[in-house]
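Here come two complexes built around subunit A, the first alongside subunit B, the second alongside subunit C.
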Partner chain A sequence: MRILCCVKRVPAPGARINVTADGLAVDAAHLGFTTSPHEECGVEEAVQITERTGGEVTVLTLGPAEAAEQLRYAASVGAHHGVLIQTDGAAWDPERTARALTAAIEALEESGGPFDLILFGNESADSGGFQVGVRVCYSLGRPIVNGIKGIEINGSTLRARREIDGGFEVYELAMPAALGVKEGINLPRYPTMRGRLASKKLAITTMEIDAEAGGQALVRLHRPAETLSQTTILGHGPEAAPAVVDVLEELGVL
Partner chain B sequence: MLLVVLEHDRGTLGEAGREALTFGRTLAAKMGAEMHAAVIGAGAPEAAGPDAIAAEAGDHGAVRVYTVDDGVLSDFGPEAWGESIARVTGLLAPDAVLACGSERGNEVIAQAAVRLDAPMVANCTDITPPGGDGAEWSMIRVQWGGSLLEDATLSTAGPALLTCALHTVASSPVKPPPSAPPPVEAIDVDLPPELARTVVKERVVLEAGVTLPTAPVVVGGGRGVGSAEGFAPLEELAELLGGRVGCSRAVTNNGWRPHSDQVGQTGTRIAPEIYIASGISGAIQHWVGAMGSKHILAVNIDPEANMVVKADWAVIGDLHQVIPAISAEIRRRWS
Partner chain C sequence: MSEFPASAKCVVIGAGIVGNCLVGHLTKLGWNDLVLLDKGPLPNPGGSTGHASNFIFPVDHNKEMCLLGVQSANQYRDLDLSVDSGGIEVARTQERMDELQRRMTSATAWGVEAHLLTPEEVAELVPFVNTEVILGGFYCPTVSVVDSLETGTVMRRLATDNGCRVLANTEVLDIVAEPGPNPGDHTVKAVVTDAGTIETDYVVIACGVWSNRLANMAGATIPLVPAVHQMADVGPMDILAETGNEIGYPIVRDMDTFCYERQTAGSMEVGSYAHRPIFHHPDEIPSNEEAALSPTEMPFTPDDFDPQMEQAIELMDMLGDAEIKYAINGLLSLTPDAMPCLGEVPEVRNLWSAAAVWVKEGPGMAQVVAEWMTYGYPRVIDAHGADISRFYPEERPDEHIWARSAEHFNKTYGIVHPAEQWESRRNLRVGPYFSRQQDLGAFFFQARTWERPQWFESNADLVERYGLGEREVEWDNRWWSPITNAEHLNLRDNCGLVDLSAFQIYELAGPGAVAFADRLAVNKIDVPVGRSIYTPWLTPDGGFHSDLTMMRLGTERVRVVTGVFDGGRDEFWVRRHMPTDGSVSFANVTDHITTLGLWGPNAPAVLGAVCEADLSQAGSPYGSLVDVELEGGTGRPVAATLFRISYVGDTGWEIYLAWDDGPAVWDALMRVGADYGLRPTGGGVYGTSGRLEKGYRLMGAELESEYNPLEAGLARPRVKAADFIGKEAYLAAREAGDPEVQMCVLTVEDLHDSRGRKRYMQGGNEPILTSDGERIVDSHGRVSRVTTAGPGPSLGKHLLMGYLPAELAVPGTDLQVMYMNELFPVRVAGTGAVFDPDDSRMKS
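Here is the complex of A and B:
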């Protein structure tokens, strides 16, 4: 099987998210970067599928040159190819992003043959536009279902599970198809030393694709008002237990 | 006109649908427009069905309701719903289309947007329609699952496609209630049969119990718990309190607990009476899942931990001693 995973490079903030002075981006000066968690699980799922059925996993990202780091990480956990659509750091709205990804996928399929399965995250971890996968798939004429937390492959059909209140739904798609997956579908592995070494040698295909801008524009990012609470210290160590149970009794949860 | 797409599950209107109507009422007032609503698919025969949904939509402020049915709409399907919304939008030419930013809501509005070749803005908390001369919509939307807000604009030649972030408003009916249910009009869409390819094939019902999103008490454990076995005392306390165990992503990443226990941006949002968060530092992505808790008690060795600073109460100390001591104290008082 040929599987494509679309991943986005995002900052990994800790206790709070700081915004740059111009309000246009997360201040990442002191932050590491990572792959959106849903998409990290997408890569793991793709690798597991090809380990069972054979085939290759390609990882595609649109971002700055540094996004090659996320492609190498994917290679360190088993992906075979990395493709970077390099941007100049200017604003890319969801429609423009989708158009560029579509063009890249068309070019990749033209040269390497169709992808049986394309995996997106349900939403990106930072801007969370909830639409790039759906837009790309419509342009490609391919079915997509979001919110997927389980995939089973039977020949050329895939069964996909989506959680709902009190249970789950099952979808059945004939490949070629696409899915938007969510964290929890699997537990991503950590890279091995061998994987890390191999990823250093990954040849990354770089593409330059521009696309027409869409209608959504970012004006300014800001933090929501914080609810400042006065923390009451009930005590130190196990001696605080009676004070804790007093609180639980007061709340009526005992 | 503002068209609200009502999320229902096989004929039963859900809270997301009521929230969209409640949010939509305010938006329609700002637009100086009427609020209409659309019900996609008739639902299961045993469910209340489109007429009951229409009446409820009326109670929540919709003055006209459209129903769409087609053989393909036997159950939920993102492409069939998206195509239906796109066609209804083409026919009625609303100024804006709104759904609740639930998993399904965002998905179907995206499906409609791409079919209309239009932009879509997801998870808004506040929306301002274009002013007299300004041709742009402006809005506040959530990023990072709610940790960050974005002021954005939307310029579009056609209708604005929008979703409101889940739980931005608490749903409420209009007061006084309308004297009669709104008129209902059926719209024929004649969907391409191939859209059945993404319609739900099967449903599996799991046994109900206390679930994490609805648990009255959540006992959470983070990296500080140290191992899978380390959760036994947390399980015990949760059981004593009729609650559930939750955890941080550090825990699921280590394979100590299943992902279904994870609280946070990419996990579950909880809303218990009290969240006992032990050995959790309180990273922003965890906090957005926990902040719906009515009260928070942190147990941590670090008095400066974000979780401690943001909690109502805290115990400073080793959770491996504190948690069992709380259970022992509860047992002592009960005996």
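Here is the complex of A and C:
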């Protein structure tokens, strides 16, 4: 099987997200970078599938040169190939991103044959647009289902499961197909030391693809006001019991 | 919620291992009106303690670091928050094996059990070590793993049970210091936090990586830089998990790759000191809220760690398939000279530093600071190496801190020679003769910030003349030249000219100057004008704070001349003890006065050629100060003060000159001296061989706060009437009778090692042992060790100095010294000079 995973380099956030002075980006001064968590699960799923069925995993990302770090990370946990659509680091809107990814996928398929399965993260951890995967698949004319937390491969078809209120939905898709996976589909492995060292040798294919911008422009990011909560210590040990009773009565629990 | 404290006797900022232990120790010493605050939450406020590896390897060549590490390990043990895992330093190279022999020597000196292991013996203790890549190991069974967070909590509780108030999540916004009491002084008054202001008499900064930023708030500096130490936690591995313990195998330090492997339950923590130095300004450290993990667990930069992974897998193959579960760029503190910053900061009174301290020495160093604040000096150990006042102004800017820390970071597990010189930040301070000395091929040693010639290549011809040669073993030869012995012999035969410009010179003036000088000094300063006084300055407990020369220049004027290694500490000591009534003024005149040493049998003839004054012992008696005019060759006479004294054992003078007059006098002396065999002579003679042959003690080597003048052999027959710091303790020591130990000079009787090579002890705390090979320890726990070692070219012997119990301090007593883990026979020569013991050469 040939599986493609699309991943995004995002800041590894702290408890508080700071915004740059111009309001157009997350201030990453104190932050490291990571792979968007849904997509990290996508890579793990792809690696597990190829471990079972054979095949290869290609990881594709769009971002600055530093995004090679995310490709190497994917290689360190078992991905076989890495492709970087290199940008100058400025944020691209979803349409532009989707156009560039589509072009890249078409080029990769032309040279290496079609991907049986393309995995996206359900949404990115930073901008959360929920649309890049759908746009790419629309352009490629390929089916996609989002919110996936389970994948079974059966020959040339796959079954994908997603959670809904009170149960789940199961989809059967003929491949080639695409899925948007969610955290929880698996527990991604950590890279081993050997995996990390091997990933240093990954030959990354770099592509330069520009694409027309879409209609969605970032106006400004706002950090919501922190909601402060107050904690009152009611007491210590058995002496605290009357105060606890008072609170429970106040809440109508007793 | 308790009310915010409006005032406190002392505010301790920082609730890491140091701050917590400090309030605990202060409480034990009777302090009770304490406040401990931290901007982070408890018990882990987010500083370096929270991510520390928490292990202690007790052996260090440095006395302070070793003994305070042992002291700290014992404090953790006493709280039952420590496990003796054992630890092994493995060697991959022969050079490291030699270093392990030196580690064995230091282990013997400090009384730490240690064994050298073959690769197979290493594997018996740590079966997953690849024996093929190692040559051996150095095993310490008492290497321990400690719980620093819980220790902090216990020590903090000890304090809170006795009234200490603890404010977590409280950030310091300012430390207020007000001018006074003397001009140029400031005194700490209050700590301003985001929750309110606390008026206070004392503030201690124990903020780890943030310490310099806090100090800057008060106009002070704590010279340290937050530096990355990378760590990765890899696992799980069955062989580790099966131990069922947090630590079941000895910790392995892979010394040649600057890495360690430390079990933590089912995983292995791999830590590195091998990566490029990565530093951060304190302002770049995220807040607790901004940090992904904690402020001091910064994002991992994997590229820096990759080479260490390869090496770790090479040593322990199983690590290769273990998952990297957690990896950080952990922050810790580095200082320009790799020693901690303890004590009162010189810029602001009652503002203290307890910083640049790691978990391995935290409890002990907290005890040092608590004792210092309580008794006016530490009691547990002499801490001059960690004293924050040691730094000169040039050592305090970030430029210096970063450059030096970058240079020594990769030497954390390095093999560092006792005489090793810095490469960066040289030529910060040079004497007025610097260009002349460069022309003469001077090899410079840097003393803190000052460049001093150690020897001159221009004297290479003397090596042949005296039939000298290189030392056989490279280590002994490193940072040394036979030229230094040749310069020594030439000085004894003819004369030498020594640049002493690095002398730190202060002047006290005013109606209270002499009385104040007398308060500092053991010996009487109120002597006739024109007399000099060589004297100890004591701590309140009667040990050495300093050992220097004072000169009565006028009825209300006293000059202080001290060594460059002690200048910062001594200036601080003077300023800290100055009267506050305006009766004494202080001036540092180091930059205005240069000093030349001219010694040797031909010195009077050389000086006489440029000076018409009576230079006989009658006209310029030993110990006297005489103002003269010298012919500087510039057509105008040069004013100079001749101080007839000698630190090298031959007659001559220290010649004090205006800085700008120095070069002309140097030129004149070199010119006329050519006919008398005068040679420029380096610090190898002045500081070591000349001094050693005369048995002269050196502050920081022989003289420490743990020893008193009686033990050092520097007590005079009578005690002056005037009061002085430490007098009570000094009198008590005198009344107690003969000292338990005495400073001695020893000769090495046979330099040959087991391979037939001549070896030369370096003066790196080599233990002095009985003829049976037993350590010699006195009733205070002080060990007999080499305080200085060096050649005695006039005697043809290698010489050592060290304290010995009185019964062994007898000339002719045969003992042994350990060097590189081998024993060499030594003999006690005496407590004084071994060369010209009646000083006839100096006083003739």
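Just so we're on the same page, the second predicted complex is superposed on the first by the 231 of 254 C-alpha atoms of A that agree within 3 Å, B and C clash if a C-alpha of one lies under 4 Å from a C-alpha of the other, contacts with A are read in each partner's own complex, and residues count from 1 in each chain.
Simple rule for what comes next: a residue touches a chain if its C-beta (ideal position, glycine included) is under 8 Å from a C-beta of that chain, and two chains touch if they have at least 3 such contacts.
Since the structure is predicted, the reported quantities are computational estimates derived from the model, not experimental observations.
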Which superposed partner A:29 touches (first subunit B, second subunit C, both, neither): second
Subunit B versus subunit C as contact partner of A:112, first or second or both or neither: neither
Partner chain in contact with A:189 - subunit B first, subunit C second, else both or neither: second
Residue contacts on subunit A - larger count, subunit B or subunit C: B
Subunit B versus subunit C as contact partner of A:237, first or second or both or neither: first
Which superposed partner A:131 touches (first subunit B, second subunit C, both, neither): first
Which of subunit B and subunit C A:89 touches, first, second, both or neither: neither
Which superposed partner A:197 touches (first subunit B, second subunit C, both, neither): second
Footprint overlap on subunit A, where subunit B in one structure and subunit C in the other make contact: 13-16
List of subunit A residues in touch with subunit C within their complex: 12-16, 18, 29-33, 69, 189-194, 196-197, 200
Of subunit A, residues touching subunit B in the complex: 13-17, 19, 26, 37-38, 93-95, 98, 122-123, 125-131, 134-135, 138-139, 143-147, 159, 164, 166-174, 180, 182-184, 187-188, 214-224, 227, 229, 231-245, 247-248, 251-254
In the complex, subunit B residues that touch subunit A: 9, 76, 78-79, 82, 101, 103-104, 106-107, 110-111, 113-115, 118-123, 138, 142-156, 163, 197-206, 208, 216-217, 241-243, 249, 252-253, 255, 258-260, 262, 265-267, 273-274, 281-285, 291, 295, 297-298, 303, 306, 308-318, 321-322, 324-326, 328-330, 333
Residues of subunit C touching subunit A in the complex: 234, 284-292, 298-300, 302, 306, 309-310, 312-313, 319-325
